[in-house]
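To keep things simple, chains are lettered A, B, C, D, E and F as they appear, and every chain counts its residues starting from 1.
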Amino acid sequence: MSKNIYIIRKEHFNAAHRLRRTDWSDEQNERVFGKCANKNWHGHNFNLIVTVKGVPSQETGFVINLTTLSSIIKKEVLEVFDHKNLNEDVPYFKNGLASTENLAIVIWDLLEMPIEKEGGKLAKIRLEETENNFVEYYGGNEPF
Amino acid sequence: MSKNIYIIRKEHFNAAHRLRRTDWSDEQNERVFGKCANKNWHGHNFNLIVTVKGVPSQETGFVINLTTLSSIIKKEVLEVFDHKNLNEDVPYFKNGLASTENLAIVIWDLLEMPIEKEGGKLAKIRLEETENNFVEYYGGNEPF
Amino acid sequence: MSKNIYIIRKEHFNAAHRLRRTDWSDEQNERVFGKCANKNWHGHNFNLIVTVKGVPSQETGFVINLTTLSSIIKKEVLEVFDHKNLNEDVPYFKNGLASTENLAIVIWDLLEMPIEKEGGKLAKIRLEETENNFVEYYGGNEPF
Amino acid sequence: MSKNIYIIRKEHFNAAHRLRRTDWSDEQNERVFGKCANKNWHGHNFNLIVTVKGVPSQETGFVINLTTLSSIIKKEVLEVFDHKNLNEDVPYFKNGLASTENLAIVIWDLLEMPIEKEGGKLAKIRLEETENNFVEYYGGNEPF
Amino acid sequence: MSKNIYIIRKEHFNAAHRLRRTDWSDEQNERVFGKCANKNWHGHNFNLIVTVKGVPSQETGFVINLTTLSSIIKKEVLEVFDHKNLNEDVPYFKNGLASTENLAIVIWDLLEMPIEKEGGKLAKIRLEETENNFVEYYGGNEPF
Amino acid sequence: MSKNIYIIRKEHFNAAHRLRRTDWSDEQNERVFGKCANKNWHGHNFNLIVTVKGVPSQETGFVINLTTLSSIIKKEVLEVFDHKNLNEDVPYFKNGLASTENLAIVIWDLLEMPIEKEGGKLAKIRLEETENNFVEYYGGNEPF
């Protein structure tokens, strides 16, 4: 049996955002999004945990070199989102909602190909918005 | 492909319990349950981590509103177990053992329907009894 | 000897801010404040850890009731800063810099009197901006 | 100048307790102690962090051997409190309240002499009752 | 439906290692393994998290007694690797690379049978090398 | 009153070491240093937490720019110790014991002047060797 194994790298970024629909009244926004609807933004320290699947190389013992994986995450995600405003500074949520769920899906799409070019297979994204609120995304798959 | 994603909420409660069979001798209880058999109870800070599966709403970007999910957990689980005695104050372990495994199964049954009424699907319960002892339950499924 | 003891409560809030002087050029702001100068804001999950000093009451065993202390922090600090923009939504940094240092000093001034009214003495504020950046403030005192 | 340094050991124990005065009515107990007054007990995972002060030995580089310090804590504190009921199983709170403050003072008294016999000086006790509630005790001293 | 549940135990060990091929030049080792190639070793605090699958016993409420599981991990893994040099003190990496991936596979093979003898089924190994680098192994299976 | 405040930066490094006196027998080394005496080394993930004292600048709101502080720690400490053997690769413990206590004192001496050159005053070093073993050093002072 091939020895499939999962290698995981944790990175961090800080960003501002708000959850607010311009086609809704202030009342409706506050009813649905609560304090997250605040016009003047709020922000978070996001933890991003990226899982890559593969068989360890005979030559190096690595599924993917973690230095390489860390560089990919920094280039593709942290340079885009770190110390930024998710609604204003990036194109992904101009016409959509910067929920943690949607942010995780965008991050998957940014990471999938660059990781594949290095011989790994992106298997899972975990995005931690606060100490108590997290999202996990498996590229649309349903492992459970 | 539908964008299935998992949203996760962490809550806490403190409770007393013991692991002790009344049909066993003190010696047998201590041999099997060790210090957990202490007649006069001991207790824990439990972390409860609840995973809900779904497709983010186009309207809100949410699988389930985390304020709603948190309220369900507080109403269905924390009001029942927080600062309580698992053997004395709740009906679930009168004739059974308040092991972390059994507690996780009871919590699943308390949460499944209320979450479904809000449009989510309960996918996983993680219950942390101490810094080093945890249980995970997927409703009886075996994802791995 | 009186039994002085320190009781500590940890709370959380999320906020947006930026470090940027309007009397400086973009270049000067970026040279001094780096990514924190981003015009469109960024944000953090702040941990606030409040230490109160006193002698435990004979009647209750408490220096201060932690429910009371938590309520004071929520009323005086979290209602003011949680899910807010530190530069736009509160009066404290209109003409100053919303650095973690300055924020800790503002929080001390908000908490000192309400805690004293409950019979406690504010002894220390710890403010955690990220996993690696923290500030501690003892009301201007220098314990070490 | 002598090179005073502080060496710190973290240990854990689990215990049940309640905050309840027998000379008070149920209403008064609940008003003051809230959920902690529950007759049937609740419990916690306590973290105990012990700081010992001294000058490192030329011979070993140690202020105190951490294996020795850990053994002292296990013998003097964990064997007494772990998996026990703080009100029922130990003599310290028969006529008093098992608040975290009072528990920290009791633990100081249990550890001070045994640590001194090994050549160290007990400098600080930190007792963590939950993720958000802590107590620190310096033997009655007021470092800040 | 049978109530499959997962019980998890976390343990720790400290070890030295290096990532270095003797058939490669210093330059090649450093290019691939970076600082991890240092001839004189470096080391880590490893967290080992072991998941066992099963149906709780009617008699005890346990999938596997955590005291038993902890003893197995201590005997089979910690006695072998704790405070050891992974390249010099154990036979597993004499002719191979002590990468976290390979270490996780070796640990699986050490734990699988002893856990099965106690009636449990090893389902997952998680090995944490640093705060940001982790490996997960499911015995070669691919749950996602 | 001047507004003295403490700014804190946490960094990490991994290193190998052993506690072993060449002038002692194997038996004596093992009796005093236990598993830490292993000839072939073991290692740790060290957390280094550095506290700098000062009054926030009117111009920047900073006691010291955390980017500067982080750079100083990286240059003076991490480049020296990260992924190194504390006994073999650095000059500080050739004739002494690489205990956590002694390592903290060495780190203080490496950081004190570079931080002072940037206008800050080094106030405290905390060095975490494992999850349960820590050292704190105040430059020889005794704040408590």
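Convention: contacts are C-beta pairs under 8 Å (C-beta built on N, C-alpha and C of every residue); 3 or more make two chains touch, one makes a residue touch a chain.
As the structure is a prediction and not an experimental result, all values here were calculated from the model.
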{"item": "Those chains which touch chain D and also touch chain A", "value": "B, C"}
{"item": "Copy pair chain A, chain E: interface residue numbering same or different (half cut)", "value": "different"}
{"item": "Rotation, 0 to 180 degrees and nearest 5, that superposes chain D on copy chain F via CA atoms", "value": "120"}
{"item": "Centre-to-centre distance between chain D and chain C (centres being mean Cα positions), rounded to whole Å", "value": "27"}
{"item": "Interchain centroid distance [CA atoms averaged], chain B/chain F, Å", "value": "41"}
{"item": "Intercentroid distance (Cα basis), chain C paired with chain B, Å", "value": "34"}
{"item": "Interface hub residues of chain F, defined as touching at least two other chains", "value": "131, 138, 141, 143-144"}
{"item": "Chain pairs in mutual contact under the definition given at the outset", "value": "A-B, A-C, A-E, B-D, B-E, C-D, C-F, D-F, E-F"}
{"item": "Parts of chain F lying in touch with chain E, wherever the complex brings them together", "value": "12, 14-17, 35-36, 38, 40-45, 82-85, 88-89, 130-131"}
{"item": "Residue ranges of chain E in contact with chain B within the complex", "value": "1-11, 51, 53, 56, 60-63, 65-67, 123-124, 138, 141, 143-144"}
{"item": "Residues of chain F that touch chain D when the two form their complex", "value": "19, 32-34, 96-102, 104-105, 131-138, 140-144"}
